[in-house]
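Working notes, beginning with the structure itself.
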Amino acid sequence: MEKKIGFIGLGNMGINMAQNLINAGYHLMIFNRTISKADELDQASITKCKSPAEAAKGVHAIITMVADDEVLKETVLGEEGILKTLPKNSVHISMSTISPETSQLLAKHHTQAGNSYLTSPVFGRPEAAAAKKLWICVSGDQQAKAIAKPILENLGQGIVDFGETHGGANVVKIAGNFMIMASIEMMAEAYTLAEKNGIDRLKVAEFFGSTIFNAPIFQNYGKLIANKQYEPVGFKSALGYKDARLAFKLSQASEIPMPAVSLVHNRLLTAIAKGWGDTDWVEGIGRGVTEDAGI
Amino acid sequence: MEKKIGFIGLGNMGINMAQNLINAGYHLMIFNRTISKADELDQASITKCKSPAEAAKGVHAIITMVADDEVLKETVLGEEGILKTLPKNSVHISMSTISPETSQLLAKHHTQAGNSYLTSPVFGRPEAAAAKKLWICVSGDQQAKAIAKPILENLGQGIVDFGETHGGANVVKIAGNFMIMASIEMMAEAYTLAEKNGIDRLKVAEFFGSTIFNAPIFQNYGKLIANKQYEPVGFKSALGYKDARLAFKLSQASEIPMPAVSLVHNRLLTAIAKGWGDTDWVEGIGRGVTEDAGI
Amino acid sequence: MEKKIGFIGLGNMGINMAQNLINAGYHLMIFNRTISKADELDQASITKCKSPAEAAKGVHAIITMVADDEVLKETVLGEEGILKTLPKNSVHISMSTISPETSQLLAKHHTQAGNSYLTSPVFGRPEAAAAKKLWICVSGDQQAKAIAKPILENLGQGIVDFGETHGGANVVKIAGNFMIMASIEMMAEAYTLAEKNGIDRLKVAEFFGSTIFNAPIFQNYGKLIANKQYEPVGFKSALGYKDARLAFKLSQASEIPMPAVSLVHNRLLTAIAKGWGDTDWVEGIGRGVTEDAGI
Amino acid sequence: MEKKIGFIGLGNMGINMAQNLINAGYHLMIFNRTISKADELDQASITKCKSPAEAAKGVHAIITMVADDEVLKETVLGEEGILKTLPKNSVHISMSTISPETSQLLAKHHTQAGNSYLTSPVFGRPEAAAAKKLWICVSGDQQAKAIAKPILENLGQGIVDFGETHGGANVVKIAGNFMIMASIEMMAEAYTLAEKNGIDRLKVAEFFGSTIFNAPIFQNYGKLIANKQYEPVGFKSALGYKDARLAFKLSQASEIPMPAVSLVHNRLLTAIAKGWGDTDWVEGIGRGVTEDAGI
């Protein structure tokens, strides 16, 4: 009974997360704009729904993993939105990368409807989602966390609690994505400096990635940047730019000048303007650096 | 016999390195502008010298670990410089953070004098030097590397070879220090964003430092930045600024626009202008971020 | 008959513009949030109104000069907004500094209501408004321009037509305000450079203002910046920041990386964060430059 | 007798200045690296010299207008430099765009030699030089100014005195060139914003150039930028970059963070890296802005 939950958003991340929940024995009430995407999943474990409202009917929890603030707001507040049907005392587990402002707005609506909203964005690329290696940040009510916990444990390697403020975990997610972009920028600059001085880019990347910068960000991205290996596209420049905008907007709302955010924002805006929106963000940033350097 | 080497520069790094060489059985011909600094070392294992030339007399290798390009040039080319006495076939192991330009200039002079120059800057703070945990980057002639290797093995946990170009290892060192500064900047911005949104700075730092950014740079500096813990001073803002200038100058010489270098350069120049030159560079950067944010 | 027009917004600019219209023989149907402000005007020439709708009733033209996009949207589209009463074939002369997006939205509503919308922002400070020295940029329908022309001629020294696109004149206004901010920034940097090198700031400002930069922006602001004369407050840093945000948002929407916009945006965001929102924008920028320089 | 002066440097500026001096009745002792350039001048009024020393022999004044600090230092201090022959009490009128540091160094040498050094850089393009419309900034000893005055009056429309510090006028010149570059950048950004929003670039440039920005910089450069008219080359991007470097170096030496200087520096460094060094600086900057905007 308790094993039936709603699930909205079968993108590169969502499809892997859904699979893990099915593996754990959950039955998913699925809504996706392109519902044929659900054909990849075990049909006995899912019910295809025609709207968010249908996916939310009768479940004690529903997960959303969608593109951006606007889509999420429509998914919750729209005519056929979650709020229309989600039972009292159920929880909406909101895993998309969105602004804290939107989380606060939606939390208010859920509270008024007698159910609850849990902010729970994740760190990790699709491979990490498939391997249950996501890092999940949560913030919100204790009760919502309690309901969500057994579900989220099937999706990642750790759940970190950032308090009760609904937007809290969004801030951490936005900050983290900014730090990843800034890391890509700094590596692109540094490795191009090496290249122009006759030093092997990859050798430098491997040195840093195995010593003072021996973290996944510098190891995995470092290799891609060093090799100018821009295929396959893991995360699009257009999505990176969306996140840079979120970071910039948050810096405005928080009244914090963040020059490094401006830098990566402008780098990715340049990528968009040059028509590179569909490239991997490593290309969007890395190629910007090398083209400006005349190589 | 072979165990007698020259050693110039007993700063925070040099004193620890000298101690490790003594522990390994070397006798050091030491020159330091403030020679009383040598009193901290075992007197039986050292000879205090009155000039670089005296320290270089009769040794097969001499290490320099001094403040900057100008001091090093004076140390080598000055009236009482190393070049006056260093025996043929000996090697000058140049471990300071300097420009590749200076390495090339000095290598030329050493070659003309019949001895050799090995670029070998290091990564690591004084504690790492004391613990023999430095990472040593080398570039230059094979013969020089062969002579230096048994000596350098007493100073660090790894020696990485960046080829035969004399300035090569300097470029890697400058790139790495830039990456550290940029990391401090991005953490300072991100954690201040968290703070202004009611999230605990340290909690965020610990999360990133134990997950996607689990590298020493983000763990050690991350904690200092999160706690605004600016004492004791490990590496002065004035020295960080010196390194930012080296990076900027190299970006000019290499014809690579490096906006992240401009950013950290201007951040540290602001610190200098505000009179914070003697603070730790974590303060020079971190306090700049928080003051601009009005906290 | 035709001499009765609506007028909304008695701020520093509006009050001077209203006075000039009264001097030209117009009777003004006035709405202002703080209606007591209208006491400064000749009571025989005005009618105080309780809502935008009341001010728009029976007029062939209505001028709005309000704080920002949100206030203007409420003024037009709100429950007691202009649209409720403005007669067919009348024109809304929209003189506030707002985004082109808002102009396009409002123009659509006016067209549907059978009347028209004329974008007509102005360049000039309150003194220029009082002296009928404003420069007025217009864009929109020819018919609307024809109706507005005899009215606008009482407010400025020139009306410049930027075509039929409703947002066109807004883009020019936003671009111009950005150029003013960037000019203030460059002067602040240059004159501080002079000061730190022992040269009189004012002498430099007067030299440039009377030779290659002999334009009002460099003459008037140049003197204020040189003298660090920040009183009286003519245009608040908070308003300058609002305009920097408009410019930044427009650069995003237009997909143009504008690093100089980022620069002035962050300078004014710093001013806001430091609590200088109510200072003149010359102080917001100029003091930021000198404080960063340690003076 | 007094009408014989030395003249070194027949570049685009120098050749026009030399012509004006000849027109005023002076006989010029000319040195230029490519001496054939002097063939364009009235041969009866000049003496071609084989070295700076020869040009300085027996004159009461000598003008230098050369490429950069290095060339000027060689011209004065070199083996066949001015200092070898310039008579006591004569004055070296130094009109090149150089650093204040170099002026101070040369002034010291001249003082030791019993003659004097007058810093006197100019504002104006070659056409202005030809039309005697230069603005001349001077700094240095009163005596030197008195000797130079009757000579300089034949070259420009005004001489402005910036005090006795030798580097003073250099600082003003560097600050001014920075302001011109920053103006070109801001116009390029603003007019590209107009273009992408469907507004005629030239119309916007003409509006600003005839109203609030009605100064030569915005009128002349404004038209070139608006029309993307990059030929003929008046002032090369490589020279603009040289001046941006001077400004940056001076900001370091003066301990003033100047973000607008960083911006134009990086813009021109990008131009150099992309191989546009020989284009006009309007192209170096303007094309950088449009390419980043994808047009």
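Which chain is which? They are A, B, C and D, in the order written, and residues in each are numbered from 1.
The criterion applied here is as follows: a contact is a pair of C-beta atoms (placed from the backbone, for glycine too) under 8 Å apart; a residue touches a chain by one contact, two chains touch by 3 or more.
In this text, all values refer to a predicted model and were calculated from it rather than measured experimentally.
**Q** From the centre of subunit D, which other chain's Cα mean sits the farthest off?
**A** Computed centres place A farthest from subunit D.
**Q** Quick check: more C-beta contact pairs in A-C or C-D?
**A** Most C-beta pairs in contact, of the two: C-D.
**Q** Go ahead and note the Å separation of the Cα centroids belonging to subunit B and subunit C.
**A** Roughly 53 Å, centre to centre.
**Q** Nearest whole angstrom, what separates the Cα centre of subunit C from the Cα centre of subunit D?
**A** 38
**Q** Show the residues in subunit B shared as contacts by 2 or more other chains, in ascending order.
**A** 251, 255-257, 259, 270, 273, 292-294
**Q** Could you please specify the touching residues of subunit C with respect to subunit D in the complex?
**A** My answer: residues 100, 123, 135, 137, 158, 160, 162-163, 165, 167-168, 171-172, 174-176, 178-180, 182-183, 185-187, 189-194, 196-200, 203-204, 207-208, 211-218, 250-251, 254-261, 263, 267, 289, 292-294.
**Q** Going by the contact rule set out above, which residues of subunit D touch subunit B in the complex?
**A** Interface residues on the subunit D side: 245, 251-252, 255-257, 259, 262, 265-266, 269-270, 272-273.
**Q** Provide the residue numbers of subunit A that touch subunit D in the complex, in ascending order.
**A** 270, 273-275, 291-294
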